[in-house]
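Common to both upcoming complexes is subunit A, partnered first by subunit B, then by subunit C.
After this line comes the complex of A and B, so read on.
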């Protein structure tokens, strides 16, 4: 079940991504990198956003695109890193 | 003190507008868009000159300009082309022979892509530091495409040109520090299958656009941040002490990427050479440094931090005091 905290994470992640790519209508499971709508600069911005917004340190071991490819993937990654 | 005494470049007169190159390419829309935004407007086409020829021409020009004889050279570091003219022969020994560097030792360096130049500078500096009787190291390289297409999607457009530099005991362009980090897991991110194929069939392949655009991009930023912070700390400097940053000439997007993510600004010498010569492999950073000197962008005593990386993958920086 999605908690209020999970909902806040998802809202925050979705807001950042849609604002960054300038497209308001993306599915939570849509693969951003497969669709070709993002580039390497977005990758850096996304990682920086996650670190700052959720107080996490992303290490080289975390650099698997499956952790960052969609809104859902980012939320799951944040939850795992937060130990939830 | 070990520094770069001088640098010479060599280009033939034949220039090609990159827009003309696209006409013969069979490209998908994403590639066309990348091509049009890469920021390279022309490249030199050296026609029948081989990579070796370009390296040698730059070397001869450099030696004449500095009144250095072949016999004055103690070590030649020849940066090998991705596609050498011959198998089994030695381009490094050929250069030694052609410039009559009879007192030198010679060897080739390869496989780190653009970062070969940083490794060559490091080896030159370390060689002179370890051998007090030696005074002069020559580094030489000529860039030619290793496949019929000059376009490397999603990276850059290759041009032709030669570069040579003399590393000697001089107070000019002091090599303050050189740092290199390699990462083996990207060894085949880019490759050209060549066995049992004709040259016309050679085609560079990016085996994973996703890894290139995500994992490698982020790892590159992290690696450069660490390398740059470490080199400043090690040498008692702060970011404010670095007056100019240089990167190899890949694309406007590459400049934007590092400028945005690292809060730095690359010298306009980089932008000028990117637009006019395209990507020249390991030559780029030294061509940019030379342009910075010749155009008065770099002033005596200033620190220049050269960042140089390759998707194989390797990252490096070279700190120079003009």
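After this line comes the complex of A and C, so read on.
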């Protein structure tokens, strides 16, 4: 079941991503990198966003596309890191 | 913009250092197309190469505003020297973020002291702006990588000890630290550039260079999305402030010349059109510096818009540097066109380079276009 905290994570991740790419209607499981809709600065801005918004530090061990490729991927990554 | 007392004190300290150790010699370095090791060592002793490096790694852990002021102060003296801060910090920021603790411990402390000079090796003879198309190849052989390819226009590669080299491993972007003494590394100096003549520009050819896999930074697949763009971002911050320093140098030289050069029984600074040109320089200086400080403050606050603000600052400051340097030559007349008589010719040549490195004016304009068009909102208050 989606908890309130989960809902907050998803809302803020969606908001950041849609604002960055300038497209509102993306699916939560849509691969942002495969579809080529992100620009060259998006990746490092996403890192700053995750670190700053959720108080996490992303290191080389986290460099895995499965952590960043979609709204769902980022949310799962944040929850996993927060759970540690 | 309010600087705090520590920032002001450090800025004065940087300016004093530049007045004593840089400005009097910058013309000679340019003429002979070399940067003496002595000045690099002297900067190392002051700890300036470690400006943004954590104290535990031998750095100063200064904020980015102070780092910017360092680049402005040095930029006023020598663009060729300041670009050493640019590239050293491009490599340092990539390592600090994405290298392992072991890699950081190996390379960052000597870089912070200036004992090791590092180059950022991305551009190739056939690929500049379009970084995704680089062709440098890494192949995996057990726990070694084998590197083949050519990097061109690499700042300070002529004297660097290590290079952060970007290439592809089975089509996946990868970044790796290559050491100058590794067999198969060939360094060819590039002389007679338009500007930045003393920055030891070089071409690097790699012929079957064997590199331990332990030198890979981050992971394969991420070098052109997470590593290079980060280095380029900090490079732009440095170049933006360096451009502002160049504008100041052009302005000061012009003001001095205009107050001493007599035409028709009066000094130049009595002529309204000359005053207007100097006023334009002052406006260029102040607006560029404000944008740079806005960008550095965004970086200090870890603002999500720090990258675009830095692009904006670099775009504006580099273009303003070109026009200020051009006007400075005009105000000095023939005197300003002669390398031995005036530094303005050097400013003019160096300024144009500011528009090319870390993203050309056109490429940055595209990025800013994406921002403004998608967001439909201005940047500064964001």
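The definition used in the following text is that the second predicted complex is superposed on the first by the 83 of 84 C-alpha atoms of A that agree within 3 Å, B and C clash if a C-alpha of one lies under 4 Å from a C-alpha of the other, contacts with A are read in each partner's own complex, and residues count from 1 in each chain.
Assume a contact is a pair of C-beta atoms (placed from the backbone, for glycine too) under 8 Å apart; a residue touches a chain by one contact, two chains touch by 3 or more.
Everything numeric in this text was worked out from a predicted model, so none of it was measured.
Asker: Between subunit B and subunit C, whom does A:60 touch in the aligned arrangement: first, second, both, or neither?
Answerer: both
Asker: Just checking: does A:43 make contact with subunit B only, subunit C only, both, or neither of them? Give me first, second, both or neither.
Answerer: A:43: touches subunit B and subunit C.
Asker: Just to be sure I read the superposition right, which of the two partners does A:52 touch: subunit B = first, subunit C = second, or both, or neither?
Answerer: second
Asker: Which partner does A:8 reach: the first (subunit B), the second (subunit C), both, or neither?
Answerer: A:8 contacts neither subunit B nor subunit C.
Asker: For A:19, select first, second, both or neither according to whether it touches subunit B, subunit C, the two together, or no partner.
Answerer: In the superposition, A:19 touches subunit C alone.
Asker: Would you mind listing the overlap between the subunit B footprint and the subunit C footprint on subunit A?
Answerer: Residues common to the subunit A contacts of subunit C and of subunit B are 39-41, 43-45, 47-48, 60, 63-65, listed in rising order.
Asker: Looking at the complex, which residues from subunit C come into contact with subunit A?
Answerer: Against subunit A, subunit C makes touches at 98-100, 217-219, 221-222, 225-226, 229-230, 233, 302, 304, 306-308, 367, 370, 373-375.
Asker: Would you tell me which residues of subunit B are touching subunit A in their complex?
Answerer: 30, 210-215, 217-219, 221-222, 253, 256-257, 260-261
Asker: Across the complex, what residues on subunit A touch subunit B?
Answerer: Listed in rising order, the residues of subunit A that touch subunit B are 33-34, 36, 38-41, 43-45, 47-48, 60, 63-65, 68.
Asker: Applying the document's contact rule, which stretches of subunit A touch subunit C when the two form their complex?
Answerer: Where subunit A meets subunit C, its residues are 16, 19, 21-22, 39-41, 43-45, 47-49, 51-52, 59-60, 63-65.
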